[in-house]
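In the two complexes below, chain A is the common chain; its partner is chain B in one and chain C in the other.
And now, the complex of A and B:
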């Protein structure tokens, strides 16, 4: 379709919004290299030097190093557990035709209607009852449950596209159920697995409220999202340090996004649509 | 989206397993369902159980973690309904939804349509639009804190263009605190939602729009009269999502930016659930609001579903 002159207002509006997205982020990035005086005097100027002093202060004062390790641990273990639970489940649901299986699938799809946030307090009680309160371990157990509906539904969709003859041929050769899953289904739905991994990486890494309540403020255990807001209290109004700390927590996600841009968008779009 | 369309013939290939095969291969699909049980159990323990617990706790009188618990029946409901703070929260939540949702969906749809036409620079736009979707809630809150605090970006910008009289302590002023929270939702929500719409519009065949344009329809008409009805269902799904995110997700923004204040001017329902549970330790109250929130979510979902149903 041709875009005529009458599109001028549209171009202007869209780029205005783009500027509204960039300016705060630019301000953020620039401020991370500035002192407070520099920020207030010239909010939009490029920083005079590219020293990493603010980053070091943020890193040290909020224990961001430990927090990043904690976040990485929680994210990776929860991702592994999600796949460990969701793959066999999706495999079973994709192959079976029974009434029980379709009921189970319905339960998972209904899960989208449950807003996780609503159950914050009961989950806190559960953590206390299991003796896992104030531990990262509970989050490792809990996060996969929140990811289960989406992960199972996406994986079932992918697995349904695998022709049945593949499995039947393998069965002729004496393959067990496990072998079929391991050597046929998993390799053939790698794109689906990647989608699930990316989607959940983003939610797990960015999870805030539950981590705040369950893991709590202990610097040894807390994740990076919980550590980040404490900078506001620690540094008072040292915007340089505050922004530097925030930028640090964004780097992993931003790197993954830039490298896997296409795939990431696809993953999120798939995820949102199924929800 | 193409990756997810299941093959139409998927069911057709199924045929009875030949009886000649050995016992193991003759029952390839039986006994497999059990593999779904661990995931289901996990899901039930960590998600379904806690959700049911909300309803139970809502019927309890529980004035603090270490206090004795007694059955309250509908007593909590009465307490909640008599509390002016609750009604402030209802009003704030209603305002938030009524302002944020229409702006977000309409702007995002138009933006998505724009991107889907592949104008010059659409790749850059697509990349940028997505960024708020990647940023964690605390990071977004930090961005807004730095922008809106008394000596932050917004006031700095106003001062530098000579509008110093308009500066305000945006997050600490009763008249603007809620507006700031709504602005945060809209700022970060439009781009992400637009990418979703653009992806869906990409799969609408090009000749549909071209035919309309040959018939003399302008872009505005094509956008609203041709493309919008085609993806109407999808708009409904995205609206439902945004509705849920706004309704339940606002607790985090409020907690990080305004703590519900000043007074109760920016207390939303979901923040009230958090605040009563973890700050005021009035657990019965908190979970009663939780139940109300849950029901509001359900009613809202059904209403949105109805509003977007094909009605021609």
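And now, the complex of A and C:
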């Protein structure tokens, strides 16, 4: 197929954008196989060796295996709890038409206004008072609390697009409220649930400040985001090792994104078509 | 369009992912709650344990200690730069570790005063370990009220490292010992495309070098006064700042030094992009052998009228100490065993030999595998010593002072503005 000249600017822009994405990614991956000298002397050259020495050092030094398990444990349980709380809440708000429901929805939206750092000290006090300081369990409870505003707001919008006739038909067949949620709303909201899962997964997995303070530095409990900075030394960081460690911790993110991205794109496209 | 992932598949994938992570997590770690420290577990919180110099030796020492004391469990908590913040919150929750290994700087300066850690003077004497500590180290770890804040352990020499091969390539015959010689050498190095002095003008390395250069015209007492009070108005301090500005504007420091960090500094030197750096001994231990072979250590060049007779270096004994927390006093027998072990001559010797660390303790061991560290130890009376301001700068002024450092390394900033920036750091604290 021959392309006309009028497409040239678009091609240039698209390829420029692609290069802007690929070059840092290449630099990042190539650095994981290099020594400091190679990184700084020849930043964009191919690595001299494709050995996994940096990865092994990073994995062993920062005990990344345990850290990944800890992060996964906290993230998965927090995601499950988020859905467990957000789905019924969104369902109720989406079906209600009263002023109280409207006010409650606004209350959820107000959650966006609380700066993360401002909540640190009260959260720390709460963790200490409940005896859950230095535990992953507290983070499993805390992370869903931070994710509720976004999750509920997104899910409410999805649930409002479901025709009420679907529910009325189910009711006539004797379905309970729980059955309506379980068999009608949740299946039809899967793209929205995927969106919520993906966004919250990225937030939970990458959370650093609260994990550092609340869970603490115990290698048996700390998450990857707390373990990774320990590869940075005050007197000269080995950037090859640090980058290799970062690559290792990004693999789970890549896997989850690959699994969920189609659903999220579908959700966005559906939204666009409806609009 | 048919979705590549069906609802059943989506739920199955989610359940599988959850099971794959949660089950091993629960079985491996037994529970989501933390293992609270019990009387038989000594909890140590350290900056050593991953890639910091001395970490492998430290971990090996811990293993040996565990073998020698099978009835005593040791849990090692690891943090980097954020250790102080993490320790403080742990202490607020009364769940702090028993022993903390960290330097005397910034936040930690206030720990003994506010009861976050205890005075170790009594333990030092009761356990008969005082004689193992170098007197200078003991003095630096003792506060104004006579309390010993921690058991001193690591020290550091902070000489100037000169890459002789690069200096030779630029036609510089001798290591510069005066400001004029340094400026001339810098011009020759720049002509060959080599950065002269690399320094982290944006962080603590720049702050230390700036403090060292300002002290060219300050006696020890005057320097102590300046860094305790933030008064840089004395004649000596003003002349020191002017000397710094002269060197900076003559191009002595690497380009954009105000944006460089300690990492970029060591990398520039280790990759031979720069010829000179002010390096503490743990950084010297990491200079690659091929660079170390033609590197010499010395002092910072002096100006006419300097109060020092010889080029200056920094030296400190406050790098890492063993602090005992209030929780640690409840397990003092275990703490005693641990500290006796860490102070033992063979343990100390391993840090010197295997990791090239300078120690605040007496030892006859010399680090043969780390020639630059050993060379720095041998500098002795061939250099003068400037005062490291760390223990004199009020904790609240430490970070503002580093911010002021970046301003100071920015070309074109006048001596008056540098002085104002330094003094403002104290006023705003």
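To be clear about the criterion, the second predicted complex is superposed on the first by the 214 of 275 C-alpha atoms of A that agree within 3 Å, B and C clash if a C-alpha of one lies under 4 Å from a C-alpha of the other, contacts with A are read in each partner's own complex, and residues count from 1 in each chain.
Throughout what follows, contacts are C-beta pairs under 8 Å (C-beta built on N, C-alpha and C of every residue); 3 or more make two chains touch, one makes a residue touch a chain.
These figures come from a predicted structure and were not determined experimentally.
Engineer: Under the stated touch criterion, which partner chain does A:40 make contact with: chain B (first), chain C (second), both, or neither?
Structural biologist: both
Engineer: A:266 in the overlay: touching chain B, chain C, both, or neither? Say first, second, both or neither.
Structural biologist: Touch partners of A:266: chain B and chain C.
Engineer: In the overlay, answer first, second, both or neither for which of chain B and chain C A:11 touches.
Structural biologist: first
Engineer: Figure out whether A:77 sits in contact with chain B (first) or chain C (second), or with both, or with neither.
Structural biologist: second
Engineer: Of the two partners chain B and chain C, indicate the one touching more residues belonging to chain A.
Structural biologist: So, of the two partners, B touches more residues of chain A.
Engineer: Pick one for A:166: touches chain B only (first), chain C only (second), both, or neither.
Structural biologist: neither
Engineer: In the overlay, answer first, second, both or neither for which of chain B and chain C A:237 touches.
Structural biologist: Touch partners of A:237: chain B and chain C.
Engineer: Applying the document's definition of touch, where does A:220 land relative to chain B and chain C: first, second, both, or neither?
Structural biologist: Touch status of A:220: second partner only.
Engineer: Report for A:29: first if it touches chain B alone, second if chain C alone, otherwise both or neither.
Structural biologist: A:29: touches no partner chain.
Engineer: Intersection of chain A residues contacting chain B with those contacting chain C?
Structural biologist: Chain A residues touching both partners: 40, 124, 213, 229, 231-232, 237, 239, 266.
Engineer: Name, in rising order, each residue of chain B that touches chain A in their complex.
Structural biologist: Counting only chain B, the residues touching chain A are 1, 3-4, 6-7, 10, 13-14, 17, 21, 24-25, 28-29, 31-36, 38-40, 42-43, 45-51, 53-54, 57, 107, 110-111, 114-115, 117, 119, 124-139, 141-147, 149, 151-153, 156-157, 160, 187, 190-192, 195-196, 199-200, 206, 209-210, 213, 218-219, 234, 237-238, 241, 244, 247-249, 251-252, 255-256, 270, 273-274, 277-278, 283, 286-287, 290, 293-294, 297-298, 301.
Engineer: Tell me, which parts of chain A touch chain C in their complex?
Structural biologist: The contact residues of chain A facing chain C are 36-37, 40-41, 57, 61-62, 66, 69-70, 72-73, 75-77, 80, 124, 127-128, 132-137, 140, 187, 190, 194, 197, 212-213, 215-221, 229-239, 241, 256, 259, 262-263, 266.
Engineer: Give the list of chain C residues in touch with chain A in this complex.
Structural biologist: 3-5, 7, 10, 13-14, 17-18, 21-22, 24-26, 28-29, 31-36, 45, 47, 49-53, 55, 75-83, 85-86, 89-90, 92-95, 262-263, 266-268, 270-271, 273, 280, 282-283, 286, 288
Engineer: Considering the complex alone, what residue numbers of chain A touch chain B?
Structural biologist: That would be residues 1, 3-4, 6-7, 10-11, 14-15, 17-18, 20-25, 27-28, 31, 40, 43, 85-86, 88-89, 91-93, 95-98, 100-101, 104, 107-108, 111, 113-126, 141-142, 144-146, 148-149, 152, 154, 157-158, 160-161, 163-165, 167-168, 171-172, 174, 177, 191-192, 202, 205-206, 208-209, 213, 225-226, 228-229, 231-232, 237, 239, 242-243, 246, 249-250, 253-254, 257, 261, 264-266, 268-270, 272-275 of chain A.
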